[in-house]
Every structure is written in structure tokens, then in C-alpha cells.
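Note that the chains are named A, B, C, D, E and F in the order they appear, and that numbering of residues resets to 1 at the start of each chain.
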Amino acid sequence: MASVLDELKRKEIVDLLAQGKRIDGRAFDQPRPLSIETGVIPKANGSARVRLGDTEIVTGVKIQPDKPFPDLGDKGIFICTAEVLPLAHPDVEPGPPGEDVIELARVVDRGIRESGMIDMSQLVLEKDKSVIGIFADNSVVDHDGNLFDACSYATTAAILSCKVPKWEIKNEAPVLVEGHESAPPITTIPVSVTMGRIGEHILVDPNAEEWDCIDARITITTNSDGNICAIQKGGNDGFTVEQLLKCADISASAATKIREKLKQTKG
Amino acid sequence: MASVLDELKRKEIVDLLAQGKRIDGRAFDQPRPLSIETGVIPKANGSARVRLGDTEIVTGVKIQPDKPFPDLGDKGIFICTAEVLPLAHPDVEPGPPGEDVIELARVVDRGIRESGMIDMSQLVLEKDKSVIGIFADNSVVDHDGNLFDACSYATTAAILSCKVPKWEIKNEAPVLVEGHESAPPITTIPVSVTMGRIGEHILVDPNAEEWDCIDARITITTNSDGNICAIQKGGNDGFTVEQLLKCADISASAATKIREKLKQTKG
Amino acid sequence: MASVLDELKRKEIVDLLAQGKRIDGRAFDQPRPLSIETGVIPKANGSARVRLGDTEIVTGVKIQPDKPFPDLGDKGIFICTAEVLPLAHPDVEPGPPGEDVIELARVVDRGIRESGMIDMSQLVLEKDKSVIGIFADNSVVDHDGNLFDACSYATTAAILSCKVPKWEIKNEAPVLVEGHESAPPITTIPVSVTMGRIGEHILVDPNAEEWDCIDARITITTNSDGNICAIQKGGNDGFTVEQLLKCADISASAATKIREKLKQTKG
Amino acid sequence: MGGRESTLVLLDKNGIRCDGRKVTEPRRIMIKAGVLKNADGSAYIEFGDNKIIAGVFGPRDVHPKHMSNTDTGIIRCRYHMSPFSVTERKNPAPSRREIEISKVIKEALQPSLMLEKFPRTVVDVFIEVLQADGGSRCAAIDAASVALADAGIPMRDMVCACAAGKVADTIILDVNNEEDQAGQADMPVAYMPNLNKVTLLQLDGVLTHNEYKKCIETAIDGCKLVYQIQRKALTDKFFENGGNQ
Amino acid sequence: MGGRESTLVLLDKNGIRCDGRKVTEPRRIMIKAGVLKNADGSAYIEFGDNKIIAGVFGPRDVHPKHMSNTDTGIIRCRYHMSPFSVTERKNPAPSRREIEISKVIKEALQPSLMLEKFPRTVVDVFIEVLQADGGSRCAAIDAASVALADAGIPMRDMVCACAAGKVADTIILDVNNEEDQAGQADMPVAYMPNLNKVTLLQLDGVLTHNEYKKCIETAIDGCKLVYQIQRKALTDKFFENGGNQ
Amino acid sequence: MGGRESTLVLLDKNGIRCDGRKVTEPRRIMIKAGVLKNADGSAYIEFGDNKIIAGVFGPRDVHPKHMSNTDTGIIRCRYHMSPFSVTERKNPAPSRREIEISKVIKEALQPSLMLEKFPRTVVDVFIEVLQADGGSRCAAIDAASVALADAGIPMRDMVCACAAGKVADTIILDVNNEEDQAGQADMPVAYMPNLNKVTLLQLDGVLTHNEYKKCIETAIDGCKLVYQIQRKALTDKFFENGGNQ
């Protein structure tokens, strides 16, 4: 239910867009300032604290032996979760994740998984019986819009910064071999770029105020080759084909700088 | 809370009963038209689509190896569930099953189980370790009253139409033997007949409008020998002993035709 | 939200305290009459029915083989739960336990556990693989305040009255050896004493009316040596250090009589 | 049921059952009314090895409000088993079995209550099974009905309950746990003796139509025995209180 | 996706797919409108081996009330799979996958509905997958849109959906289950043909920018085929009812 | 506690603990106020290896409304651990331990707040443990109290918390993880230094009455050290903001 204040804010945003301006002064294809710090949770195998504008995420990666999924006995496991903490925004209530947060976690998960970022075939301890599992958990501590990209960068950075322990199978059980950590088997660096459409305008990385006004949104993830490896359209309106093609171009171009930044977090 | 319209409908039904008539023109001991179609879900091991008047059920049976229940190591497993889908009726809300649906599933389950319909001793792969489990799941897609009988017929038909795969124990684990399906070990065909009491009148297979008016109800299941193998009384009033004896007679007699129809679904 | 009646009751209690009196005539350091009956649930391995004033608990202990906790392979398992039954008080609603009941169970559990009452190292069947588990479940059937002490006494008495069955490991699985029950390995008898503070007054074992008026409360558990082995402070105000020292003295002195009573329940 | 095997002799040649009872003899039954302080009404029953307590609150306001009915009072019922009540420790969360039994007990008790006198209210019946044996739902109903009377809820009749069943091809009264496991049929019945109505009837196992009739009649005879014990429990409490006051 | 291996020949040298189809040929599609008695609108679809039923209620009052919007109507959507719909029996509780698909379907349908005409109300769309195959979310949208029209909800356009994908380095229409498992990319698309808007777009797998363009165009061609079948389903029901009345 | 064995030397002959600290020396403590944008007040603490963030909202309307109190404001508290905060990945659902700690933290903070000034409202305190070490509940209270001050909630006093304990028969300040696992007693204490009141007190492990007294006094000395660090955090933020504006 839009309040009068919300309506005024929306009008301000739309009027500015007509003049070619965004409410925080950014160019349409310009994401907010991104800062990435890794190793922030020493007890995790990998971790990152990401700020994208005023959106802030802390992500920890735990690595431990697990059983493979049925029919995928020659692949390791990757599982990604997200929680928007109630301290991140006044509207968040504690409790099990709603559909928004479930979508968030699944979109971040797919961006990593479908890009083939991690070579899962290198995470097998004993085929069909024991594999290495990588669990990436995102804790959203400040919510100022576009959690998709912020969580995606935090997850990617946390994975890149990982030290993977070594296990050997003894008596059919994995046993930790101390002091033999290695970098994870990385094949590419996926970069998620989320765009919102307000009228005819496509805005990269909408902040919370813009997010409340968008007609539709799309998250396009590209890999290191510039190819598209995951897409999620959302929001209560659609895109024309022309807009979709334009979004793909914007996404590939915006991803380049961000990928460079992510590369530097490699352990 | 009965609305005025509900009250008028109730008066109409009761007035007609006083004249020996039911609201849809049926005789008191006459169930609604029953149609049974099997094999509707080819991916299930057995399946049926049942319409009883305007009540419609789709039931699928899955058969898979499982561990036996403790202390029942020489018996296979049979589990029956029911969900009244929210598209089946405007009053149904999505979510975990309420007491009505739990009772429904348990009554259908008991009718099959207590009749000894399936010879569970023939579903053992390795005593105390590995048995065959039969899972019958009822999806109610249109709810026009008397789900007990409709789900019972759908479950029975789905079981009768089953092809049971063959497993052999190799290295302590069940291994599927392709191309060796067989009919399930059937010993009898149970038929559930539900009756509602309105005043002194006993109505077989009440439809939704009648269901809302009944003082009490009883479901009596008989086996192929005509013996009684399961009973469930429900509703907010009781029965006299005379009424209970009459219900048993009605049930046995109404079951005969339905059993013939069910027999034809045998694979 | 305090009603007018609650306010009047509070005033009465406070006024009496100023005259050195409690509302039910007890001395400040005097617990309510305690009755303990063991063996009330013959199907359990140990059981007790405790009345502390009008608060009544039935506690059953089940003993069964289990896997040890990780990293505690040389210790048996002890788990304590509590449910305040909805028949115990008009304000109790059925459903999963709230924070009050979770705290109750954990405080009772810690009092037993931290005292070392049961020598858990004697409950090992096979190191790291199979141990004896002791499950103490408290059912509160009448709630007239101070569930902490009542549940603690009931749990302690139920444990003391236990007959521990004997298991032997055969083919890596525990097998019951009939007719070889023994007393549990008891090292000390912990006694929980709960005190409420109303203004400057410290009241032992507050009843429900007093409980509604307390500023803060503290539960201090002492072992057979008179040493303190568990503490839980609660309530919406604090204690001075002097009050805390006084409470420890009261607790040790009040525990003596109760410990004697508990000793008599030893099987 | 339906052909479970057993080495247990359920009925010997002298017509004596595995626990020493005759064919139409119930187990020991003891009922005490008014056992709880906080509940508006309560009762404790020992029925064979069943140990069950029932507590009643109401008529009282309904929460959540949308459940209330402007035309009549309603009844809610919770049948619950303590974790220690059965041989293997039971998970405290209500099972599907407990939810179904709660429902049939509610429907067994409701016809006895004059709820129409108390629109917009609820009567809550809470039943805790401290120790379970065969026939626990019947014992629960027996205790709950006494608790409802103890609470002073206006009633048309008591509800008394007892099972009958079939072992060794013989109809017996009050099926115990072993007979339930190894026998041929178990039929719990609840009955209002003055209104002559059966308010709960379930059956697991196979019966001919004649056996069905005999089973109902046997169970109702058992219900009438229970009725006397329920009356005595209420009388005892009345005079005990009278004596105390 | 992204490199899963398979011995399956997904595309033979004649350009024929593993199920015999040509590159731009959809599977068999059958839609029937008005299949349920109680729902305000309904439709049943068979799309390949998908068997899906959709039922619509509304516009109607919102419960709980705090979800309602004084400015506009809202839409809720539940996509659910029956336990027997997939090879391994599925737990009936909604999975995270089902919750996400419910959300994207809701957002795919919403642009087609004139919900602003019905403030404070809700349109509930319930989708049950009785048997699942590749492309179930597209088939679900196709059925749901027909069910919405069948319910008489004022609509700006139909929503039709079909996936495109990539196997053996070739862009294909309507990815089946084997192609989804062993192929290179799957892109479900929902489309409003008259308003020319894409309302659902997802991608699993890797595409170049050219392939991305071709995939969208191929999928939209499929959507237009579906549109004709949706129209026919509604016409058939209209005349069938006309004939009956 | 209570006799756990260990090969760790908890206290060497020079009175130095396993992490190099003296008997009454706390671990490194760093607190920063005002670290979140959206929360009304916030603080971040590093206390040994604990890394904890606290955010406060309120006083604000209570949902659901029936929880509100016409006489006073209320406080709610959630203590939660991120899945990656401990060695073995933790299930994100709140454990019974987290629920109990949430309750004792709420009761430790409540005496410091003038909630009676804000009837019908709630102050929500949300605590997230990003990395856990021994003494996390004390560190959480220290951060939460700073966050409450940062939110401008009227307060009677700060609440500062620190544990004391017993290792090698010696009372020590600020028990770390190894000392908690292998030591003899752990006693977390929260304290209001100006009102001179203990608002949280728990004990795991065995103490004589004299040790109990010494433990409380030692912990309170630690609380007073923490208090200075809390004050500095608030001052730093005040002047930092002053300087920026």
C-alpha cells in the first residue's frame, strides 16, 4: 500500500529520470561503490564482507566432507543460503525465509553453479560415497536494495578466498590431513548484474529507493568469457525483446570492472 | 456459523427427506455415479482418477524398497496420505493438513490395511532389513463431499492397477531387476461406504450440500466376503444401536456393485 | 498488562511483606510442603510424582542405548525436557514450547549435569560408538509457581529411583541382557532452590501469586558437599552483590532438608 | 489384526484370557474426580495399565476469535501422550494418531454437552496419557466426561466408553494391549447410557455381521459398568468436599 | 547444464532430437478449459509428459486482511507437485524450488491482469503438477492463464510460455527432460503476444550473446504456437457450454 | 565443566593462562557504535575471537498488537548465530540454546531501559554472532547496550558484561573457549555499574561459597573495564559525527 510519502518519492525519481538523472547522482549503467574485504571470519574456510553502496553482506564458507547427491556421485556439493537479518532493515521479521529470500538464495546459487565457477568433479573423495561439500551462507546485515548482486559478490569473494582442507579416505571414512590446504578449483568468475526498469529506463544496481519504484528487474550473470550463464527476471511487469538485448549488453560491460575487483580477492 | 442461506438449504434438504426424497433425486441408499480411470499417471507404479459425483481424486502409488517398521520385519510397508488441494474448494487453504485431512488419510489407510487387501508378507526382500514399501498419495482436485469413499476407491483402484517392480538383494542392498514387474499380492477388495444420518434418515454417499446438514456419519468398510473390516464414526451426534445395524446392512449391499467396478481395474 | 485485581493482590503481598509475613503464612526462607512419590509410571525405567505446594509434576525417565555426542565418546547421554501441559493452567496454550519452558528445561538439565550427579563415564557400552542415554521428561500437570524447583526435584527423584538395564555389544549392536538391572551411578544429589526478590525481601519457593510480583529471581543449585553447581538469574530487575551472597546462604541451608527427602527415594 | 500371528494363548480352554480375566470381565478401573487445582474440572483414571489425567477449562472466550460461533459454544479437545507413556520414548510433538484420536474424542463428547447455552465460548478438554495401555482412547473419554461434569458444564448425559473385540474367534470385553496386538478385532465404543446413543465407534479387524452386533452389545455392557464408576467418582468428590467445608 | 556428460545423442546428423522432434518442433500440447466444478476458473494441460491442473478463485476477500491493498487487487500463486508426480516420491511439503517457481509464475501472470479494477481483493491461482516433465513451469503458466480467462478475470492479454534451449551447440524449441539434464542451456520464457512483453525469463546454462538472442526469439515463436492452443481451449469450452445450455 | 579432562595446561607455574593472559586480564575488546545504516542504533564488538553485531529498532509499534502493554513499553531480544560462526556449520534455525540466551539477555538489558516512558511500544534488540568464542553472551550484551544508547533509548545505566570462572583451582577473569571446555566453572555476569546491580548471572561448574563470592567480584571488575570501552565507543561516534557535520 503506497503511502503519500512513497508516492512523492516515486514522482521525484521518475521526474529525475526524465532529465537523465538518478536520485543518487549515478549514471544509469553505474553500480554503487563496491568494497570487498576477505578473511573477516577466520573460523570459516573462506569469508567476505561486501558493501555495495549501503547494502552490506557478511558471507562465510564452510567446507566439509559429505555424501554426494544421488546420481551425482562424481561431483562435489555446493549449497548456498541467505538470511536477511532483522537488524538489516526495520521491515524484516525474524523467522523462516519468505519467498523473496528463497529466490535470492536460489538466484545467487544458480549464478555460481551454472557458470561452472567451481570444478565440482575435483571435489570427489570417493566416487558415489564421499565428496567435499561447500556451504556458502550469506548474512545480510544492512539492506539498501539489490541484495542479488551484493550476495553474489560476497559469495564469489568468499569462495575465491577459501583454503580447501585435504581429506583422505581411511576405513571408508574421510580423515582430515592437517596442513595441506589448497585453493579451490576455480574455472571462471561469474558476475551478476541486476538492472531495474522504470518506464523506458534501465538502471544498473538500483538502490532501495529505486527498487521500490521499478516495474520489472532482471539479473544477468556473465562468466569470464563474457558469455551469459544465468538469468532471472522478476517484478510485476515485463520487458520487450529489445530491452532484454540491451540489458545483456549493459550487464556484460558492467561486469568487467567488478570481475577485476573480485579477482583480487583470490587467496 | 450458519448463514441464512445455509439455513434455507438445510430446511429444503430436511423437508425433501420427510417426503422420501434427496436433493439430487437419488434414492437414500444410492451412491453417486462413479467413474474410475487407471494408468493416468504413467510415471507412478499405479494410479487412478476417480469421480464420485462431482468429487474428483487423482491417486498415485509409488513402490520402492524401504526398511521395515521395528518388530514388523516380516511385512512390507503401506503408507497412505491425502491432500485436499486448494483448487478443490474455495474454503481450502494451502498448508499442513488439518485434523479433517489427517482423519481422512488414516481412515482410508485403515480400510486398506485392516482388510488385509495386500498380503504384506509377500513384500519382504530380506527379513528385518529390507522390504517393499507401497506409498499411496491422494490428491483431491474437486471436493463435493464424501472424500472418504472417493479416496478409498481411488487408492484401491491405483493399487489394483499397480505393476510391482522386482528387486534382488546384492551386497546387502536392493537392486532393481529390469523387466520383471508383477501384479501386487491382492487377497480381497475392501469397499468403503459412508453414510450420513439426518434425523432418522440414513443417506448413502452424502454430497457436499447434504454433508453440511448431517448429524452424524459412519464409514463402514467391507471385504470381498461381505465381512466388516473397518469402521469410523464421525460427526457431532450419535447413532442408536438399531441405526448402526441398519448401516452395516446398507453398507454391505451398496458395496457389491462398487466392488465389481473396482475389480475391473485390476491390471 | 496488569489488571486492577492483579494490582490489589500485589499491594496485599507487599504490605504483608513489610510486616514480615508471606501471603500463605510461610517464613521467608521456607519452601512449600514437598511430597515425592516414585515408581508411579511402571513402564518407565524411573519415575516420580512431585507436589510442591499446589505445583505438581510427573516425570518419567527412559533409558536406552544411543550414539554418543561427537567428541564426547567416553560419556553417556543425558537429556531433559519439560512440557507445561495445557491442563496445568488456564493461560497455557498447546503447541511447541515457548522461551519460558525452554529455559525451564535447560535450567533443570544444567542443575543435574553440572553437579555431576550421574557419573556419565560409567554409561559407555563401546567407546565412541554406543553409550547409554538417559531421557528425563517432565510433564507439569498443575502450575502454581516455581516450576524450576518442582521439576528439578521430580527429575532428581526419577533418576534416583531408576533401574538401569544392562546391554552388551554383540555384532556391533547393543543387546539387552534381561534380569540385570542396577542402580544408576550417582555421585551427588543436587538440590535447586529458587528465590524471588520483592523489594528488599528474598522469598524461597515463591508460589504463583508471589511469582507474579517478583522483581527478579535466582535459582541456585548446590551439591551434597554444599558447593554451588549451577545458577540462573531471571526476571526484569537485578540483584546487588550482597543479595546474591545472601541468596547463596539461604539456598545451601534450605537444600539440606530437601536433599534428605530426595535421598529416601533412592531405589 | 487381520491375521497377525502370536504364540500367546489369548483364550485358554476354560475361557480365561491371557491376563486371567473372563470373557466379559473388564480390567481394574479407578476414577478420581477433582484432582487438579487450576483446571475448572478434572479427573484421573487408571484403566488397566492406562494412567490418564483430564482437565477442562470453560466455557470461556475463544482465542483466536474467528473460531468462535455466535450461535453456540464449541468444544476443543487435545489427546496427548507424555514421552514416557509408552515402551519406546515418544516424540513429544503430536503425532497424526494423536490428532485423529483428539478429533474422535471431541465428537464422542460433544453430543453430551449443552453448548448451545454458551454461544461464542469454548470448552477446552485436555487429556494427558501418563501411561498408555490398550484402550487408552476409551479410558480418556471416561476421564474427560467426569472432568466435564466436575467443571459443572451442563450435560445431557455422561459419556462412558469401553472397547470390545475378538480373540480366538470369541467376542470379548475390554481388549488389552496384547489382545489388541495379537487378536482379530478391536472396537472402541463410547455410549450415552440415558440417551442410548453411540457417540464413538471405530473398528480395526474383521467381523461378520453377527459378530459386529455382538461386539457392539458387549461394549455397551462394558460402558454401563464404567458409568457406575464415573458416578461414584463424582459422588465421592461431592461428599469429600462437603465433609471438608 | 554447463558440461554434464551423457551418452544420449541429443541431436543426430539429420537434425532430429532424442524424442524424434525437429529443432523447432514443440512436444504435443493439449489444453482443456473449465475442468473443475468448484473453482471459479480452471484448466488442464498436457504438455509432453507434463500433466498439470490449474484452478483460480477470485477476485475475493483477502485473508489475512493485512495482506490486502486498498489501491489494487493482488495475485497469489501456489505451484505444487503431487508426491507421485516425479520418479522418486516427493515429500508433499513445498520445497524451496516450488516456492521460487510459485513466485516467478505469479510475476509472469500479474502483468496480464487488470487487478487495479478490484482493490482490496485477491486472485488465487493454484497449480498442481500431477506428472512432471521438462518445462513444467511453462506448462503451468499456460494452464493458469487459461484458467484466469475461464474465471472471467479481466485481462490485458494471455500469457503463453515455452522454453528454448541449447543442445549439441544448437538452439532448440521446448526442452524436454533429457535435454534439460544433458544439454547446455534451458531458458523458460513467458510472453504476452499482443502486448509484446516477456514476463518470465530464466536461464540455466551458458549462452553467447548471439545464442541468447536466438534463444529468446525461438522461445517466443513457441509461445505464439501455444497461444493458438490456449485460444482454442477457451473457444471449445465456450461453444461446448453454449451447446449444452 | 565438573571434571572434564584435558591435556591443556590452563595455568602455568607463573600464573599465565593458555592464551598468554594473566589471571585477571581480559581478552582484547573493541567496540564501535553506529555501524549500520538502517537500524536506529547499532554496535559492533570484537571480544577475543567473538565478532558480534547488534542492531536496535524502536520504540515502535508492536506487531502482533496483543503483545503490547498499555502501561509500559516492552523489549524483545533475538540472539542468533550465523551458520559460519562456529567450527561445525550451524543450522540457521534458532536452537534451544539461542532461545534461552535471547531470554536472559533480554532480562539483563531490561532493567537499564526507561520503557515506562513509552507505553504500547516495543524496543527490538537483534544480535548476530558472526563468529563465536567463549563468552559470546557477555559480548552480545556489551554490544547491545551500546546499540541501545546509540538508538537514543532513555537509559538508567549501561549494562556491561564479562565472565569470570575457575581453572586450575584459580578464579580467573574472562573465560575463553578452551578454558570453558576444560575448566572447572564459567560464570557470565552482567552488571549496571552506576546502579550497582547484577542483571545476568549464570553458572556452569562447581564453586565453594568463597569462590562464588570471589568469582562475582572478579567478574564485576571485568564489567567495569568493559564499561570504559563502551563509553569510549559512544564518545568516538559522537565526536566523529560532530566532526563530519
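Going forward, contacts are C-beta pairs under 8 Å (C-beta built on N, C-alpha and C of every residue); 3 or more make two chains touch, one makes a residue touch a chain.
Just so you know, these numbers come straight off a predicted model, no measurement behind them.
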item: Distance in touch steps, counted as few as possible, from chain A out to chain B; value: 2
item: Required minimum of steps from chain C to chain F, each step between chains that touch; value: 1
item: Identity of the chain that, by mean CA position, is farthest from chain A; value: D
item: Repeat of the C-F interface, chosen from C-D, A-F or B-D (over half of contact pairs identical by residue number); value: B-D
item: Centroid comparison with chain B (C-alpha atoms), farthest chain; value: F
item: Chain centre separation (chain B, chain E; CA means) in Å; value: 32
item: Separation of chain E from chain F, taking each centre as the mean of its C-alpha atoms, in whole Å; value: 52
item: Length of the line joining the C-alpha centres of chain A and chain C, rounded to whole Å; value: 48
item: Two or more partner chains touched - positions in chain D; value: 88
item: Chain contact graph, described as a line, ring, star, complete graph or other shape; value: ring
item: Chain ring listed from chain A, with chain F in second place; value: A, F, C, D, B, E
item: Complex contacts: residues of chain B adjacent to chain D; value: 1-2, 70, 99-100, 102-103, 105-106, 110, 113-116, 218, 223, 226-241, 244-245, 248-249, 252
item: Chain F partner contacts - residues on chain A that touch it in the complex; value: 40-44, 47, 54, 56, 58-62, 64, 81, 83, 85-90, 94, 96, 135, 137, 139, 141-144
item: Chain F to chain A touching residues, read off their complex; value: 36-40, 42, 49, 51, 53-55, 57, 60, 78, 80, 82-89, 92-93, 124, 126-128, 130-132
item: Complex contacts: residues of chain F adjacent to chain C; value: 1-3, 69-71, 96-97, 99-100, 102-104, 107, 110-111, 187, 192, 195-209, 212-213, 216-217, 220
